[in-house]
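Two complexes, one shared chain (chain A), two partners (chain B, chain C).
The block that comes next holds the complex of A and B.
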């Protein structure tokens, strides 16, 4: 009897938390199919009206394109810088290595708002205009420490031996780097790249502060919020959700296949 | 390990780009911000006024107190909700379903942050789902004011951090060796005593790290309080953005940002000290 009550309690609790976690997403997606102009009950759909509106809105579609572009380029740069630094620190004995590594990971401890504000102040003082490039630079600042930390943590001693073997066989340093270290560390590089992509894709406050006319999708969605509750926001939000889920599934599949092999 | 032949310059060539990037686009902006916080707005005279304003103006103080109250509440509620949930996922759910259960639990993570806050606005609106349900079931006579309140901010934050903490606590519980539990059982402890005296103390450092992460991320966040809390009461990030946006007062915004950073640093030191004592 006690056991049954315990089991019921446990199931009820888990269901309640799942309910809490899913409630806003379900409401968001459901009312994106609303036929009338207010995304509140009663549900009047299903209708694809707001998806058509959103996809025909060039401001939103170009913001989407900007977001993808900024995410791809800033993540690629963050991974490249992070990988080189991780390799340098792990394979060579540098003076004050601990301090310098700490410096690279420091931005992880500061909120995006403050990072963005500092950059805005500096760029204003230097006369650099607000732009997508500025936002991209900011995204490298927040993602570089992450990429560095992930890749650095995966630099084990067992890889040193393979690299040494390559050098003994006469490979020049750049060949060791690109033909040995990069392939061996591929999972860490891959993981940090996709993590950076997600963070950049979702980042709002730095883009908000550092871009002006051409901007990223989260900022454009923020601008939509000024019109209050609006099924257009539901539709674009659901689209972002859908794209992210597909992305997550692909990632999951890639990692599953790797770990099964 | 300095055995690679290609000389002393190569290692520096590898680490310099990352160091330079961090120096130019992170350290330098921070120095600029710190310097600006000691300048007059519009003038250029050196002054402590921006910091004095924070101390003198009760509404600025209030924003800091609001921030601390909201953030601590969020941290406490999130830990209390996430721990049993993570425990159920790790201990009750059968092994082969655990991965699926966890992936499901963090699925809404994949909506964008701004959209997630907006979704809660939909749920909590005057004519939203929750109010419809409450009025429809006869629990309340008129719709409650749920959006644009502190409660809405807290709900939005808790939603995000329950997911985050479930992940970290789950990982923590899975790392525990089953032999602890077996040893406790062998020594005659029941499930409750095992949990209170063995599992909980062993996972406490992990919880503290998760709670600290929650605190830091929540206190610096502008999106959730701005969308869900509205402007009825301001939190620090909102106050900072207001100085930039409406008034263009960068020196004051800088001073407020630095004060916020000091509070976070203080929290970090407290947390680190606690962890050190715990380990010793």
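The block that comes next holds the complex of A and C.
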């Protein structure tokens, strides 16, 4: 009897927690299928009406395209730089290595608002206009520390001898990197790339501060929200959420592949 | 070819404040199996890393086939290394692991595959070409590592504790295979180990190292039977050490005042000199034999049954600082706490001055 009550209590608690986390998203997604003009109960759908509107809106679709572009390019750059930094720290003796490593990961703890403001001021002073490129650089700044931390943590000493063996067998340094180090660290590289993609995809503050005419999807959604809630925002929000889920799944896949080995 | 294959001249190297190698010089002959034997921290691995090009020495030089390779990176050396953890490329198949060195040398694919298969067949893994390294056992990975290093036809193969990660039985088996393989390919092997049995079984030339220096080197039989130093006498097999002073010289004989009594034996020395006598465990007996002398009474402190013999430890009654180690026939009745009289022949004792 007691055990049954305990089980019920645990289940209720779990339900409450997951409800707390997912209920807002569920509501968002549900009302994106609303047939009428207001995303409020009662539910009148399901209807794909608002998805059609969203996909017909060139401002939204070009923002979506911009977001994907910025996410892909900034993540690729962040991973490349993060890998090289990790490799440098793991394989070479650098003076003040601990301090330098701390500095490289420091942006992880600084708020995006501060980073965005700093870059806005810097770009203004340097005469670099607000643009997608500026926002992309901002995303590299926030994602590089993450990529570095993930890849560095996986770059253990057990790979030192593997790289040595490659050198011993006649590989020049760039071949050691591309034929041995990168393939061996592939799961970590893959994971950090998709994590960067996810963060860049969702990022608002820096994109908001650093872009002007062409902008990314989160900023465009914010523009929409200024004219009040309607199922269109729900629809585009659901799309963004869907893409994030795909990234998360890919990330999971990368880690799963790793743990099976 | 004349002259040694590898010549090491006065190598010294320090890590931080620690002197890992101290003016080490040695020769490696073509086609020989050289074993560097020593405890951890003796500098043997550092020496191997310097020959392989992974460490550049502070002083001294490395000549291979008469050319100075001291500061040449590993990729451009005629050496190949088998690492203790094998260091196989986990993302490449066994065949591509073996073919890696040939690929780096620009050998065409078809030829590469052929030679890799030959090398794998040589180590008895002909059917593992398409397997991945993680599908192989430790002993098989070891063989792949060997094939990978031998396929590039190095002038000298360097093996860093290659059997260290294997269990004892497999280790003894791989040991025999290594020796047979070396005889077959004829490449000079330099093998680092801390296992003296491995060293004795494999070496044509055994180099005993301690504290960054070479203590002794030569054929393993000589190093075992006539060790050159106290360290060598106790590290390459066990020994009982009797320290003493040279008393006086006779004709061809000297008398030594040891802590268990006066002993006369053939040899040379100067009166007043501190020396040690090393006696191998198999030369100590419980009963007098022709030519043997008494080493005095001793209390047995430990008896370990090891099948064909008993390993007996005993402490001298005259001086508790003298510890005897004897290998006695298993049938000999001896137990802990017994007081026994030990005998050894002066002809079997080795006079050591360092």
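Observations on the model:
Just so we're on the same page, the second predicted complex is superposed on the first by the 246 of 261 C-alpha atoms of A that agree within 3 Å, B and C clash if a C-alpha of one lies under 4 Å from a C-alpha of the other, contacts with A are read in each partner's own complex, and residues count from 1 in each chain.
In this section, contacts are C-beta pairs under 8 Å (C-beta built on N, C-alpha and C of every residue); 3 or more make two chains touch, one makes a residue touch a chain.
All values reported here derive from a predicted model rather than from experimental measurement.
Contact with neither chain B nor chain C is seen for A:35 once the two complexes are overlaid on the shared chain.
For chain A, the partner that touches more of its residues is B, with chain B and chain C as the two candidates. Look at A:167: by the touch rule set out above, it reaches both chain B and chain C. Using the contact criterion defined above for the overlaid structures, shared-chain residue A:15 touches neither chain B nor chain C, since it reaches no partner.
Applying the stated contact rule after C-alpha superposition, one finds that A:250 touches neither chain B nor chain C. In the superposition on chain A, contact is made by A:180 with chain C only, not with chain B. Once the two complexes are overlaid on the shared chain, A:234 sits against chain B while remaining clear of chain C.
In the superposition on chain A, A:69 makes contact with neither chain B nor chain C. Once the two complexes are laid over each other on the shared chain, residue contacts for A:148 go to chain B alone; chain C is not touched. Comparing which residues of chain A touch chain B with which touch chain C, the overlap comprises 167.
Within the complex formed with chain C, the chain A residues making contact are 158, 161-162, 164-172, 175, 180, 183-184, 186, 261. Against chain A, the residues of chain C that register as touching in their complex are 52-54, 73-76, 79-81, 83-85, 87-91, 100-101, 104-105, 134, 148-149, 152. Against chain B, in their complex, chain A makes its touches with residues 10, 13-14, 17-18, 20-25, 27-28, 31, 38-41, 81-82, 84-85, 87-89, 91-94, 100, 103-104, 106-107, 109-115, 117-122, 124-125, 137-138, 140-141, 144-145, 148, 160, 167, 173, 201-202, 204-205, 209, 217-218, 221-222, 225, 229, 233-234, 236-237, 240-241, 244-245, 247-248, 252. Touching chain A in their complex are the following residues of chain B: 1-2, 4-6, 10-15, 17-19, 21-23, 25-30, 32-33, 36, 81, 84-85, 88-89, 92, 103-105, 107-108, 110-116, 118-123, 125, 127-129, 132, 159, 162-163, 216-217, 219-223, 227, 237, 240-241, 244, 250, 253-254, 257, 260-261, 264, 268.
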